[in-house]
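After this come two complexes, each holding subunit A, first together with subunit B and then together with subunit C.
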Partner chain A sequence: MTEASGFALSSSLGLTLVVIFGLAWILFGWYLGRANKTHEDFALAGRNVGFALASATAMATWVTSNTTLVAPQLTYQFGIWGMVGYSFAALGLILFAPLAARIKRLMPNGYTSGDFIRLRYGQAAWWAFIVISVVYAFGWLVSLGMAGGILLEALSGLDYHIGMTAILIICVGYTLFGGLRAVIATDFIQALIIIVGVVLIAWFLIDTVSLESIHSEVQTNHPQLLDLLFPAAIMFLFNNIFFGLGEIFHSNVWWSRALAFKGNVAFKAYLLGGILWLPIPIVTGFIALAAPQLGIFPPSADMVGPMVAAEVLGKVGAVVVFIVVFSALASSLDSLLAATSDLVTRDIYHKKLKPQATDKHLLRFNRYSILGLGVLTWLFCLPQIATLGALLNFAGAFVASTIFPVVLGLYQRRLSGGYAALAMTLGTLCGLVGYFVIGFYVAALVSCSVSAAICGLGLLLSKQQFDWQQLDEQEESSL
Partner chain B sequence: MMMGLTAFSALVIICLLLTACAPVILIGLWLKDFLSKQLW
Partner chain C sequence: MPNRYGFITHIALLFLITLLARPVSAQDTTTHFTLTAPESSREGYFVVSLDQAPQPGMVLQQSSNPNFSVITAEFVWFGDFEKMTLTGFSNGDYYFRIAPSAEVASNSVAVKVRHYPAWQAYTLFFIGLALFSLLVVTIIVLHRTRSRESNRGPDD
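So, the complex of A and B:
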């Protein structure tokens, strides 16, 4: 860290990096957006994304600020199981691979995950699902916006509000111009930046501090971090698996990609994306274990990763960390803006309010939605309300309740809408009780278990035989 | 039960090497799609 300011970068350098990256992404988004002629082009990149871009976007979107900031935080708190547990979230991507292929087959004209719930289960389940989706999307959007501000402030001393505002303006800008095509193309470049940056930081850390000395220091002064039978950490491991599954299985971020990928690409892309993602949290998480040895005791646990990297690698390290986390933030924020605006446009505006809306009208409304979501996120980010980890795990209570309704809805004809709605509602409520009464590390577990029990009951008692043809909804809007 | 140095080092190094392979795979796939005009 520089002695004069106490920060690894000067405020002016931090701001310069933001402006350079921001302009580059927005211009790139505008360039790609010229090919968007219809709402389908804008929302689903023409349903024609190839294997390379599909794999990169699956991986990069799942590498969020949480992978680069929260994985080190959890390692700092839970030790080995913190980073291994976080890496198990890759199962979400890997297990979504067959689901994505089936989604593409059953809903060749579908737009969103909300479409599926509405057509498969009806209105009651749709309402429960939309509430869960909106809470999750906002939790994630706010956590990403906050991470932008926290990152800039920790590394350069730039005011939290300026950093947070800058990242939101940039992501809203290029998503607005380029739609999903811009989101996916920037994801490819961001994926490369993230991986190369993470490898460089970890390599220099091992070279400078050595694995032996990190292990020795932790073993002497913080032995619980190496304890393979650390109870709360093991609970966290299982909780994180269900949380990751719930996040991916329900979120339109992943459904819209499955529908946007070329014919048989979805399965391969999610599988490869998951495999490529699997080792990353262990690499980012291990960085945090060097903190005690370096005498770093961060004011907020989610800043431990960037602070260690900046301490070991000096100014160059701080620039690399800055670019990596900035790319990770952007790759998730843009995806979330695009996918949530699709939900608002398709599920609420088109299907509920304006069924006769023209394609041009939908395209315009989709852009307004992106802008509106950006403004709302900015308002929620203004007060820095919680640490990233706490905010993230709160959402676990919501999303884990959707796992069984989604999976059974795709493969089982028997489960009816009433049971699906009850499973999501009661699962979420019980998950919230677990979150507040026991702790954040059981919220997803409780939510998923209750939902699974109700779905199991539904399969036993329900008499319906759903017709899969009903999922292939034909478009009503005209040009 | 504590994780020993050998297991800890192996875990970190293997994950680092796997992570380092990812850009090569992604760029290779991109080139293949680009040359066969299958990017979009």
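So, the complex of A and C:
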């Protein structure tokens, strides 16, 4: 396909941008990775990340394909509520701030969220948690890989498989060389690019297509998008909030950062990261409302954001969109690769298979895990099975069931492992029933409700008094 | 004497050629597209698909009646994508077809938009609100309690 067929960039320019960006990030990752001497350096950046980098990584990691592609998608589908409701996902970061401070206090030597579940609730809950984490991690990884392919296809008409393969090779490359140190450093730069880019796009959009004309077109031909009583959108609102909370509260992406931040930085960093993130989905979502006015009706709703921006801003705009979205995707994909490989290395390989593994051995295995995850993700991305929104919301049924077990596990000594395992398992199953019987906009809500009810019952009936000291597990392995 | 069989063969071939010959104007140059769409939508958005790549500038017409007496909206097909996502529809029956011309034609498809009932939406909304409030209060109260305890001395 060429520019003549309506694409803002030629396929060759799209591919050139991918190669330039890819090489730059991989070289940067390699440069930063030279400081990694131990597995702790590689996995947790030496537990010494300061406030500026911590806030930037919290914000940039949460600006994902969700924010840059799914926020416009949901606005295109659910209108005003899709946009505003999506921005409420910032509550996940904001409410995780006190939890992060508590995690750092209780587990100064901890590595992963799986560590916490194993030590706090025991094996049964750990298994339920690991299944949820793996399903979620793959759902997110696949959605990010898919988003890379969709982005390039929407902007340049380049085949989906080429874009998807390129972003995976790039992110696996620099995470492999640099570990969490490279992930956090690139996140900082990517956060700056994202903020500047998103503001630029919104500015040009309002300047080119006036607010009045957008409002008039939507009100006349797509009235449901402005309806504040839009039924599906009302149902979606809290579901999205619980989905976001579940993602952050359980995922090792956020736990590993809380453990990597130095001193008392975690609370302030997550709070600021959440506040900075809040307006971004409003801006990216707003872009989608201009689509009907511009005569853009995308083949798939998740392509609407890049298509509108490219249409309004022309070739330069398309390059800006490409850089912003590519940065957003990379900042999440690398974090997820690093955090999931930590979970595999620490929770499965070290704790279950090779307890005597040396630090050097763990460092090597961690790198193999990143490579293996990259290959698996690529295989899952090959068939473009669903839209990004639908794929992500499927994971909502899983992660929302962990919210109350995680919160109560951190603060309440009474909740026992049996109830936590039951809450996560039954919550997930009921969430999946809701997903298939009613729709994706109730999966997380149903899952969290059932899990909360079982946790409440557990608090009433359980006699356990957990000793917090058990969470401060000392390392046995040697160098 | 000329070869009688050869002569008959030539005449027969000539006759066959005249059967195949048709005026240019009678040739069917119209491309027929097959449109597909879901029968119903509960969210007011849906995808309309073509069976082959669209032609440049091709337009999808929308009407509120099956004979398209009044065209309520038109959507230009983008690029060479075979799908188009339409959104923001209120309750009602909608009909779609490719704007007929000498070059293109299509079948028409009907989509019934019926949004979820308000009671279902509000029930889920208020359940979500109650659960979210419970979670926020739980985190704030427990965090403050534990912080106070840890300031006093060893946790718990």
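One rule holds for everything that comes next: the second predicted complex is superposed on the first by the 475 of 479 C-alpha atoms of A that agree within 3 Å, B and C clash if a C-alpha of one lies under 4 Å from a C-alpha of the other, contacts with A are read in each partner's own complex, and residues count from 1 in each chain.
We adopt the following convention: a contact is a pair of C-beta atoms (placed from the backbone, for glycine too) under 8 Å apart; a residue touches a chain by one contact, two chains touch by 3 or more.
Treat the numbers as computed from the prediction; the structure is a model and nothing was measured.
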{"item": "First (subunit B), second (subunit C), both or neither touched by A:Q412", "value": "second"}
{"item": "Contacts of A:L192 with subunit B and subunit C, given as first, second, both or neither", "value": "first"}
{"item": "First, second, both or neither for A:L95, with subunit B first and subunit C second", "value": "second"}
{"item": "First (subunit B), second (subunit C), both or neither touched by A:F297", "value": "second"}
{"item": "Touched partner set for A:L229, first subunit B, second subunit C, both or neither", "value": "both"}
{"item": "First, second, both or neither for A:I454, with subunit B first and subunit C second", "value": "neither"}
{"item": "Which of subunit B and subunit C A:L276 touches, first, second, both or neither", "value": "first"}
{"item": "Partner contacting more residues of subunit A (subunit B vs subunit C)", "value": "C"}
{"item": "Footprint overlap on subunit A, comparing subunit B with subunit C", "value": "223, 227, 229"}
{"item": "Subunit A to subunit B touching residues, read off their complex", "value": "45-46, 48-53, 55-56, 59, 80, 84, 87, 181, 188, 191-192, 195-196, 198-199, 202-203, 206, 211-212, 215-216, 219, 223, 226-229, 262, 272, 276, 278-280, 282-283, 286"}
{"item": "Touching residues on subunit C, where the partner in the complex is subunit A", "value": "42-45, 47, 56, 73, 75-76, 78-90, 115-118, 120-122, 124-125, 127-129, 131-132, 134-136, 138-140, 142-143, 145-146, 150, 155-156"}
{"item": "For the subunit A and subunit C complex, residues of the former touching the latter", "value": "1, 5-7, 76-79, 95, 98-99, 102, 105-106, 157, 218, 221-225, 227, 229-232, 234-235, 237-239, 241-242, 245, 292, 295-301, 304, 307, 403-404, 407-408, 411-413, 439, 442, 445, 448-449, 452, 468"}
{"item": "Subunit B to subunit A touching residues, read off their complex", "value": "1-3, 5, 8-9, 11-16, 18-20, 22-23, 25-27, 29-30, 32-34, 38-40"}
